[in-house]
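In the two complexes that follow, subunit A is the common piece, with subunit B as its partner first and subunit C second.
Here is the complex of A and B:
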């Protein structure tokens, strides 16, 4: 009798405990077998409209849920492969690109995919003119001419006309960006809301932007079912997908900010994949039985830049000396272990023309000598704007220590991302540590920002990294532009190699490492891989035991 | 009973405890001795005093005591070593710096914060409180409403706002904490002042023609001092915690200075695997706060006028 009562009572207790758990936080006890649950810090998502989104986390969502004409080849990143396109050709004057679509393709809604949809996707991206629009407008597309320059010739033929004879590899690489994702015109326009045209926005429709901010109109292996800011993103398999069907029915990205909480959830089985592990947690996950880690280099490089408006930092010897004051090896072995590899050139490994030269290492004596030559025998003092996140604060502190050995007094000014970035963009910093992620998988993205400064005045429209550090380099700017128009890939690569060597030798950029994205996952998850870019972190190949 | 009263040599103790002091000096020393006797009878208070004295000594001799450089670490070879590895008694942090050396040098910052806040806030509160209490009327109303405004905000939130406006840094943190900690002292000093302003000796001083300024400074303030000292000592722990809180949020001391709160913040990332990085400065803060609290408790027991003479 007593036992009976105790049992009932404990059952009641357990029920109450469970109920309270559910009430406090909708925790999944163990992830369901047909669902992949990822812990992911996706606080950067502001919209899942491919014409508007330009954030790293959104790139992954768009990459998995939308299709483009062409895609980056994840196995050989200097190439592109066809996705919606069956074939493409470029005219002899290198101005007109013609794409033939694969026949019989359907959107998730069941509507057929036609060249009309492709043209519409370009049109709305250009006309909406959100952050990623520059990728398309750099080809000379404007709101006024986009319907002429990007148009459907017949239901399966799309042509794009660009304003200059760019290298075809450049144009195709840009078209792999998520802004060129093809949306379902019929569905989107049925949800479009009328707007009153103004001087800034001349159109009487929002092209479905309001709907697509949280909605979905694509044709990828998964559909976006829901996105709740800082809560979850839910994807569901698209039954109308034209390629190999995804193995899992659902993918849930659960918002988890802290590395430690992701690690704990992964160890308990609440999530299958932890996406934002810091080096320490990474290491313990890799040692734990039943868990695995994977990594992939990404197109983001971290650097310390020296503002050339500061007369001290503008001396070439000082620029060079600072490159000898970073303890690359120790940083690589400790602070960024697993999340980055030491890299000193501005093109990330994997992009066309990238070279792996690493001529610099910590050499205090050499730096002292160079500083003495520049007239700073007794050292100098500079301020250093540092964003309050790891690993940059750790690197900044390490640099502060090594620089002190050469008599360079570094005063760290910490701030949040917005504060430091605002100061950096206004060219008011001395030293700044930051990162540059390629906007699209083409060497021009990084080359342009590191070497091109078309107008060094304070109110210049061009805001490249070279401009932000007041590095006035007309020759390099010209060279970068010439690479853009070089049709021969080998010759184009050679120009980028030359640019990288020049930047390595003389620039105000102390490039430290290339980001490696890491993830820890349960060994129940099969075929989990990270891609070379954020929009190639595919989940549709993943299955579970 | 071998010696008579008159011939007995007066011991120092008896001289101090004499109930008929022959000079002002003897009276004052006698009173101080009584306080010390009451204080030293309290073991915990002595322990607190010991902790604080140790802190002061460590801060003075930091350069001699610290086995390593507090800001120069060995990133490559000595990162995140557990306590007791080689000569790193308390282990090393994520920059390969010796935690013990950083704690030792950090004691200077802690003492500086506590000392400066006490020097700024206590006299300010005392002045506002005694003036308000003695003057009464609209002066009292205005001063006390200002005090109310400051009291209306949680201390840490107000300090955060000040630091955010002034810019991060240890000096600004000290200023912010001082600005936020004077109101309780003002309230207390006012209450004490109201208690004595109508007493006979004040009336006597006034009859002798003393100016209000002189009365407040020489005859009211001293009456508030003992409770003020107790209150400030008890608040020290809170001040240390606030300073550490600001440091933890990145608004106090800036890297690479070894401020304890900032050390905890940077060690937080390693709490699962390298517990000592955040724990050691935490223990230091705990010990020093405990020391100040015990000392303050002992002082209250010793100084409280209601307890005196019993």
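Here is the complex of A and C:
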């Protein structure tokens, strides 16, 4: 369906080009002056409980409505800065982290923020064991020991004890993730519902999960007032916020799925910001008077991967040949223009140790030579699972054409996103095109998935990207783990550089580009910026003329 | 004596017949529902999407995946899952939607009025404009007017509504500023206006909030007219063909011979007879619109059933899909019943029997 839409859409563009010859009326502002209205396709939100949510759109909501101990420094993303914490220190054995809280801070409810709330927030996230819980449990926290390992020593002192002497940069980066957002214990527990314990869930309370799915108990610049699936998310300024007060009273994210619809509503002033513009609409918005565009690279990389269960694709020459069969230049200039930049290493720009090497370009002759060496002088045939959404469909079609020049016959199998992902996770694909977004702003997030595969058997519990492509790499796995325990940031960065070079040379991953998030906005909106991660897409600095 | 006895006997015969009719109707109803449920349920289970993936996302640990799979009963055999589901439905529990985390019935109660309002608007337009057009085409058969009506119908039939919707949006909203967008109501009113029936236009009029009513009208008029156009295309073509059949009947010749005016013959006699099958056509077209026009709802950010079910289907959110299908199925059945009833009123022959 999406493909069809895209096709009809290009027809529309042709029509639009004709129609735009008609004189344009002046833009009328219809959105209220104290409210920021964003058009946003937030289909992915399933809950706004920070202990449960792990979706990109929710990260933005949580980032604006909750506070954490520490935050990513938006201007220098390899650093963290304090938020609720006044200071932090780590013990000599690198196992215990002590955080001193700023005194006198309050939640939106008026309750004081204490170390008790911080400890409770970690406890409930670990015990609820929802999607983002692994971020905390990877430090050795479990439902049984979390109250011991993450505890309030006194009202302003919180300590966290980890199980291995991890690099402090790693621990702090993880604590900037939204799962570590601090919730109001008093409020949450007053709304908690009793649960009958089972062997799967051992606790007699839901820790307020049911309430927080659509409710709010934080201390950020804005409060979540309402989330109506596929309709709207409404934020209102938090009068008790401890920092600089937000400039606007309200922020409304209006659910709008179509890029073309967003562009129209933006041009008419019914929305102030359009968040899901496709390249064509982006370009026309950028040329329109009264409108502006902004962009920021995000921690997501797109790749084509080769399943090593397929004996043909497992040959090293084939892996290398495929890297020469992508027309990077053409893709960069057309298909991903404005939404991505060509990037060939697995660490997104901005993360510790990320390198910008781009050794590959389209070279059919070289690929042919490599394929001949692998015994495929007359080419080979593979299937390619592609989700029917742009720009991946376009990239897949481009790859199909360039690969054909080297005698590689690619059969594209289009599918819905969740459908292709299900197949990929079952290792039943030949080629797959997908993306990986960093779970937290630390190189380990991507390294762990691209370069570690602790158990290559079919029933492995650790289904990393390396596993999903049956890439069995014990040495790289060890190297990835060693980086985690390297306390010296420079040495740690060096290990990641080495890993990236190895993946670039020999892996079954053809990494193509890094995502750039774009937004079009009205020039009445001041200070609108997209952050380096989804939870740093702040709206509280925004004002309107 | 004999007279009363036979009346009583006839009465008894009639009440058994009614009982029999009701019984037959119930059997048909139950089998329809069971079939509907079974087909949707099994299609939902064979689509190659892992529903746990939809709930937990791609990054969840293996332990959490196993837990949710057990919670959802996905580790049981399919027939057992189906029985459990039927039992839940019978006790009025439609389950909880994965995507919205609300009970499915709450969700549907929220999205259905939006679709109902839009579909009703569309059907009204389709009927009010479509029938006269069809009559006109039949009466002026093979003239330029007939060709024009055919062309209008053909265009409504064959142009992709998605494309037409965007184009109209560009023209009437973007250039001319005649209509409002996006959604059902302006943000400014969203906080001050409290709907009663959730049919915003009706609510606003009932509460005499004329500025709200105007705003709601400006929101609904474009998607409503677009759906109306699609339904008009169908209704006018069917009207034309029914009219042509009736115009060839002998009673028309008789009426003409009696010297009735042509206008009276067409509107009072021919249309009255053509109206009988037309009722079914209109009901079907209405039911079709009630399914929610996915593309129209997507373009206009209209929070209706079509958008809800499509989104749910793409996430393998089966409770929501099944619940939505049941509601639409019920609407279909109800409309069929209604058209049956209207049939009886319009056609005296069916009443007598």
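Odds and ends about this structure:
Here is the rule we go by: the second predicted complex is superposed on the first by the 516 of 545 C-alpha atoms of A that agree within 3 Å, B and C clash if a C-alpha of one lies under 4 Å from a C-alpha of the other, contacts with A are read in each partner's own complex, and residues count from 1 in each chain.
By definition in this document, a residue touches a chain if its C-beta (ideal position, glycine included) is under 8 Å from a C-beta of that chain, and two chains touch if they have at least 3 such contacts.
All of these numbers come straight from a predicted model, not from anything done at the bench.
When both complexes are superposed on subunit A, subunit B and subunit C fit side by side without a clash.
Applying the stated contact rule after C-alpha superposition, one finds that A:89 touches neither subunit B nor subunit C. In the superposition on chain A, A:145 makes contact with neither subunit B nor subunit C.
By the touch criterion defined above, A:190 lies against neither subunit B nor subunit C after alignment on the C-alpha atoms of chain A.
By the touch criterion defined above, A:43 reaches subunit C but does not reach subunit B. Shared-chain residue A:390: touches subunit B; no touch with subunit C.
In the superposition on chain A, A:527 makes contact with neither subunit B nor subunit C.
Partner contacting the larger number of subunit A residues, of subunit B and subunit C: C.
By the touch criterion defined above, A:257 reaches subunit C but does not reach subunit B. Closest approach of subunit B to subunit C, taken over C-alpha atoms in the A-based superposition, is 7 Å. Contacts of subunit A with subunit B, set against its contacts with subunit C after fitting on chain A, overlap at residues 260. Touching subunit C in their complex are the following residues of subunit A: 4-5, 8-9, 11-12, 15-16, 19, 22, 24-25, 28, 30-32, 35, 37, 39, 43, 46-47, 54-55, 129-134, 137, 200-201, 213-214, 228-232, 252, 254-258, 260-261, 264-265, 267-268, 270-271, 415-419, 421-423, 425, 439, 461-463. Residues 71-73, 75-76, 79-80, 94-96, 168, 250, 254-256, 269-274 of subunit B are the ones touching subunit A in the complex.
If you check the complex, the residues on subunit C that touch subunit A are 47-50, 53-64, 67, 70-71, 98-102, 107, 110, 160, 162-163, 166-167, 169-171, 173-175, 177, 180-183, 186-188, 190, 295, 298-301, 303, 307-308, 311, 314-316. Interface residues of subunit A, counted against subunit B in their complex, comprise 259-260, 263, 278, 280-281, 283-284, 327, 329-331, 333-335, 388, 390, 393-394, 396-398, 400-401, 404-405, 411-414.
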